[in-house]
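Below you will find the structure I want to go over with you.
First chain written, first letter: the chains are A, B, C, D, E and F, and each begins at residue 1.
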C-alpha cells in the first residue's frame, strides 16, 4: 500500500461521511445490453462497470472443450479512459490475474455440468475506475450470469474490506485505497457462507484479518441485496409487459 | 492533407509537365514471378510494385473456409526500404486497412463460387513508394489474378484523383499528395461501370467530389488499357513460343 | 569477433592454465529432473545448463505431424539472470537460430521413424553463461535424450574451437571468446565421424579452418567420454538400487 | 454455422421487406434512429460522451498525455483514435490484437476528425520539437445494434468538444490533472453518415440486421462548410457512380441536424 | 486426454489416502517437505539462490539495471518479479508469452516481497526523478513437484538478501558490475505458506499429485511482525471462513522457522 | 500433403540425374547460375540492388537512421540485416513474425558482412556515446528459385557498396536526406558460397528443386584475403570432415569472380 498522507477519518466517520461498516452507494441494472445473452451495468462509488455474458456456446479452441462441463471464461479490463494515465489496450499483468481469480470465483455456483462442450464467456469492462473495481466487476458479472438464465446455486457477491489509520473499514474509496494500510477483496456465496475469491495486500494482524474478513462478508450481503433488486426490477418490467399483453388471457 | 507549400501548377500544367487529366507513365508486366500461380510487376510514376497470386488453394485455418466460395485474401505491404524512414516489418494500421478494402474491391469480379473451400491469396509489396501506392498495388494484383487464370468478369482497375491548388486533377504524385487538398482513390470495373473501392481524404465540395470521381474513372480506363496490354504481351510471347515449337504440327 | 585487448596466452598456456588443446572442466549428471522423461544437468567452465526431454508424445499442432517420423523440436534459451544484462524473456533472434541448428544437429542420430505422429521436445536453458553455451546445451540435450530412452545411433557431442592471438585453440572461455579472432562450434557423431552442426565467425585461413575443425573434433571426443560416464553413473545407481531391492529374488 | 444460417434467414427477410419499401423497424429508407448524447459521462477522462443511436450505445473517452512531437511536425500535437470491438457489445467480437475490421473502423472515424482539421494541432504544442500534448480518443461500444461508425463519430467529436486540457507543469515535467489550461481548441464538428446497400436498395443508418445483410457500405464525413472531408466504401459489393453522387448529396443534407445536436450537448 | 485420465485416477488415490489421514508421501497433513537453500548459485547474477523443497527445485536470480523512476514515485527504485514456467520443469508447461496462470504466480510472489516492504525502495534512488536502480527477480523452476509458490518465494527472498548492488558510474552513465556499492538494503524476510484443499481436507505444502487434485489453494504471506502481508486464494473451489481463520494462524505459526532458514543461508 | 508428394517425386528425379552426373538444368555440379546485378534499384533507399541468380531474384535496400549507440560500443554505429520471406516469392512462405528459418537466413547473411568487417562501424559515429548512424539492410526476395543465401549476400553487399550516407543536421537533430556526407565507408566485399548435399553428391548454388531435396547445406563466406569469415551448416543431414575441407577450398576458389562482379556493378 502507498505513501501519500491525508487525514482519512474524522470523529469516527470517513471523509465522504460513511461509517466504517458502510459501503459506497451502489446501483445495478440487469439486462443492459441487447446484443448479449445476459448483461448488467453497475455504478458503485465512482466505479462504472459493464458486464456481458455470451453463452453457453460452443467452446473454441476445440482443445479447451470439456466433455463434462462448460468452461467459464472471464475477462476483466480497464477501458483506456477509465484512469488518469491512458491504459495500453493489451491486457496488463494485473488484468490477467484478476481475470483468472474472478473466473475461479464464479465456477463454484454455476451448474457447469449441464452444458458440456460449451463455454460461458463473461466480459467485464471498467468504464470508470475508483477503487474496488475487481469486486464491482464480479458483482456485475454475477447479475449478468443470472440475467442470461444460467442456472446457479446462488449469486456470487463481492466486496472488499481494508485498513485505514489503523482501523478496519469496509469498501475503501480511491483516497483510502491509495493511502490505506491494507486491502482485502473477497467474493462470497451467501447461500453456503463460502469464500470463492480472496486476495490481500498490506499489513494485518491475525485478528485484524479475521475482523476484515467478517466485515467484507457484511459488505457482500449489502451488495447481494442490490443484486437481487436489480434482477427483481428486470423481472417486474417483464411481468408488467406480460400483464399488459396478456390481459385477455389472464381473465380466463 | 498536409502543409508544406510549393507552387504545384504553372500555366495549366503540373510540375512534371502533365495535364490535369493525365496519369503518370505506367508499365506493367504480367507473369513476373516463376514461383507464383500468377504475378505482375508494375511501375507507375516512381512506384514499383510486385504482386503474386497463389491459389485457389485449400483454405487455412479451417474455420475460415466457406462451402460456397473461395475466400479472397489480400496483403498490402510497404517494403522497409520503400520510403524515407525505414518501415517496421509488422503490418501497420494503414497496411491493414488498405489490405481489407483492396480484398473487398476484387471480390465482385472473381467467380469465387467456382472454388469452394479454397483461398485465393494475393500478396502485393511496394518496393518503392511515390503516392498512389494502393491503386498501383490493386492494379497489379488484378493483372496477377488474370495471369493466374482465375476466372473473372472483368479486370478491376484503380486510380486516384485529387485536388491541388483548388483544382481537381488526376493521379497525384508525391509532392502533390503531400501538399494537395484532397485525394480520392477508387477501384473500378469497366465492364459494369461500378466502383468497388473508394476512400477520400481532404476537402471537396459536392461538385468537386463528382468531378474527381469522374476523373478517377477516366484514369482507371487509362490504366485498364495498360493492364490488358500486359496480359496480351504475355499471351503473345506464349503464342510465339507455341508457334516455334509446333511448326510441324501447324502444317498439318 | 570483438575488440577488447588483454594478453590471452603466456608461455604456451592460456590464462586459466589450460593447454591449447584442452577443454575446460566438465561435469554432467543424467536424470536430473524428476518430471521430465529424460534430463541432464551440465557444468562446463562457468556454464550451467539444464536440459529436459519430453516425448515421444503426440505432436501438436496437428499440421506439424508426420506419418513417417517423430519431429525433433529444440529450444535453446538464456535464463534472464545468466548474463550481465538481464535478457528479455521472449526468445531472441540468436536463441531462434541456435534452436534451429541444434534440432538439425540431433536428428541424424535419432531413430525418428520409430515414432510417427509424435514429437520429441527438447528444452535447454542456460542458467549461467560463460562462452560455448550452444555446444554445452547440445551436449546436455544429447545425454537427456539417451536418459529418456530414445533409441539413437550414437550420442551427438559438441565442442568449439577458436583462434586467439593467431593460434588455433580448443574451447574458448569468456575472455577468449570476447577478444578472440574466430569461433567454430561443431556437433559431431563419433560413431560415423560426421559433423551435424557447424557455424563459424571470425577470420580463418583455409589451413587454420581445417586445423580448428580437427581440434574441435578432439574436443568433442573429450566431451563424449563425460557424456558416457554420466549415463553409466546413472545406470550404476539404478543397478545398485535394484541389487538392494532384489536381494531375495537374486538368490533364487 | 448455425449463426450463418440465422443471418441468411434474416437477410432474406430484410430484403423482402425493403422491396416492399419497408424497413424491419418501420423506418423510412433514409430515416435515422434517434440520437441521445450524454456529455462528460466519464469523470476521470479529460473529455467523454455516451451516445445512443437507437439501441446502439457507444462511450468515447479522451485522455491527454504528453510526448515528443513527430520529427516532420515539430510544432504540432498528436491525435490517435482507436475503437475496441469488445465482446461486451456483441457476441461476434473477439478479444485480442486489433484485426483489419477494427483497424478500418478506427481509421475511418479518425479520418473525419483529422481531415476536417477539427482539432487545432498547433495549439497543442508545449515546446517546439520537444514536448507536445497527445490526444487519445478511445471508443468503446457497449451495445452494437448497427452503424457503429456514425455513433462512434458522434461520441468522439462530442467528447473532443468537452475535453479540458490539463496544465503541463514544466517544473515537475508532468501533467497536473487537477487544473486545466482551458478547453481543447476545436474549430469544426465533422459528421459521418453511413449508408448500407442491399441488393438495389440503399438505407441510411443501418440497424444491425441490415448491416449484416448488406452488400456494401458507404460512409460520407461532412465538415461545417458542407464539404466532404472523408469517405470510405466498405464491403464486397459495388456502387454505381450515380448512387455515390446521390448519397453525397443526402449526407450533406442530413449532416447539419446532427452537428447541431452534437454542439448543443457539448 | 490420457493425461487427464491418469490425473483422475491419481486424484482418487490422493483423496482416498487423505480420508484415512495419510498423504501419499507419508507426511502429516500440515507437515512441510525439507528445504535446502544454496545461496549465490549463479555467479553472474547480482543475487541468486537454488532452492529444493522436497523434489521441487527452483532457481531465482536477481539482476540489477538502471532506468528512470515512475512519475508517481520519482525517488524510488523499481522491482519486478517474473516466473517462467518452462517445459524444462514439467511436461505440462508450454513456451510462449505468459498466460494467466504464470502471471498469477509471478504476482503472488511479487506481492509478498512488495507488501512486506522487504526492499527499501528509496535507497535505490540514484538521482531523484532521473535515475534509479531496477531490481529484476527472475524465477526459473527446474523441477516442478508441487508448491512452486512457496519454493519460489524462498528462492526470491534469499536471492534478494544476498544481492550486491553494482556501483553506478556517473561519468560513464552505466553500471560497473566489477565493483559493488554494498548489499541490497532489505528490512524484512517475508515467508509464503500455501495450503491445498481437497474435498474437506487441507494440507500444507502440496506435492504435485495433491496440487493437481486440489479444489482450491490458499497462500498466506507472513512478515517478520507475524502479520499477514499478502494472501491469495486460487482454484475453483471455496473456503469456509473458519478454515481461512485457522490457516492464517497456522501460517503465522509455521513462518518463523522458514524465515530462520532463509536468513541463516543468506 | 499433395505438395509433399510432388516434392518426393522431384527429389527422386534430382537424385537419379545427379547419380548420372547431371543436374536438372544441365549445369555441372560445381557450376553456378548466371549473376545479374542492378545497383541503385530503389531510388528512395540510401543504397540498393536487384540481383538475379538464375531465376532467383532478390532486392536489397539499405536505409540509414540514427540512434544511440550500444552501451558496450559507444563509438560505433549499428548494423542490422533482415530478410523477409514474403509469399510474394514463393507459395510456401507465410506472413507473420519471423520464424526460425527466416531468422537463420538473416543471421547468416548478416554474419559474413559483420565478420568481414566490411563496414567501418567507427566511421558511423556522429557523437560518441550519444548519436550514431544505424544501417538497416533489408532483403526482399521476389522469386525464390533456390539459394536465397548467396543471392541475398550479393544484393546486400552490393547495396552497401552503393549506399550514400545522408548528412546529419545537428541543429535540427535529424537526417537531411537531400544531401549526403559521402559513401558508406566499406573495406571488404565478402562473398557467400552455398553447397547442397544430396545423398553422397554435393552441388554448388542449388536450384530450388535441389534445395528441397537436399539432406544438408553448407555456406562458406569468404573475405577479400581469401579467408573464411563465416560458415553455417544447415539441414538435418551430416557432412564428413573431408567434404567440408574440400568445400572450403572450392568456396575460396570461386569467391573472387563473384567479388569482382559485385565491385564492377557498384
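Assume a contact is a pair of C-beta atoms (placed from the backbone, for glycine too) under 8 Å apart; a residue touches a chain by one contact, two chains touch by 3 or more.
Quantities reported herein were computed from a predicted structural model and do not represent experimental measurements.
When chain centres are defined as mean Cα coordinates, E lies farthest from chain B. Chain centres here are C-alpha means, and the one lying farthest from chain D is C.
A separation of 47 Å divides the Cα centre of chain D from that of chain E. Centroid to centroid, with C-alpha atoms defining each point, chain C and chain F lie 28 Å apart. Centre-to-centre, using mean CA coordinates, chain A is 52 Å away from chain C.
Across the assembly, chain C contributes no residue in contact with two or more other chains. With touch defined as above, residues shared between interfaces to two or more other chains in chain E number as follows: 98.
Residues 41-45, 48, 55, 57, 59, 61-63, 65, 82, 84, 86-91, 95, 97-98, 136, 138, 140, 142-145, 177, 208 of chain E are the ones that touch chain C when the two sit in their complex.
Put simply, chain A touches chain D in their complex at residues 32-37, 46, 48, 50-52, 54, 57, 75, 77, 79-86, 89-91, 121, 123-125, 127-130. Residues of chain C that touch chain F in their complex: 1, 93-94, 96-97, 99-101, 104, 107-108, 184, 189, 192-206, 209-210, 213-214, 217. Residue ranges of chain D in contact with chain B, taken from their complex: 73, 98-101, 103-104, 106-107, 111, 115, 218, 223, 225-241, 244-245, 248-249, 252.
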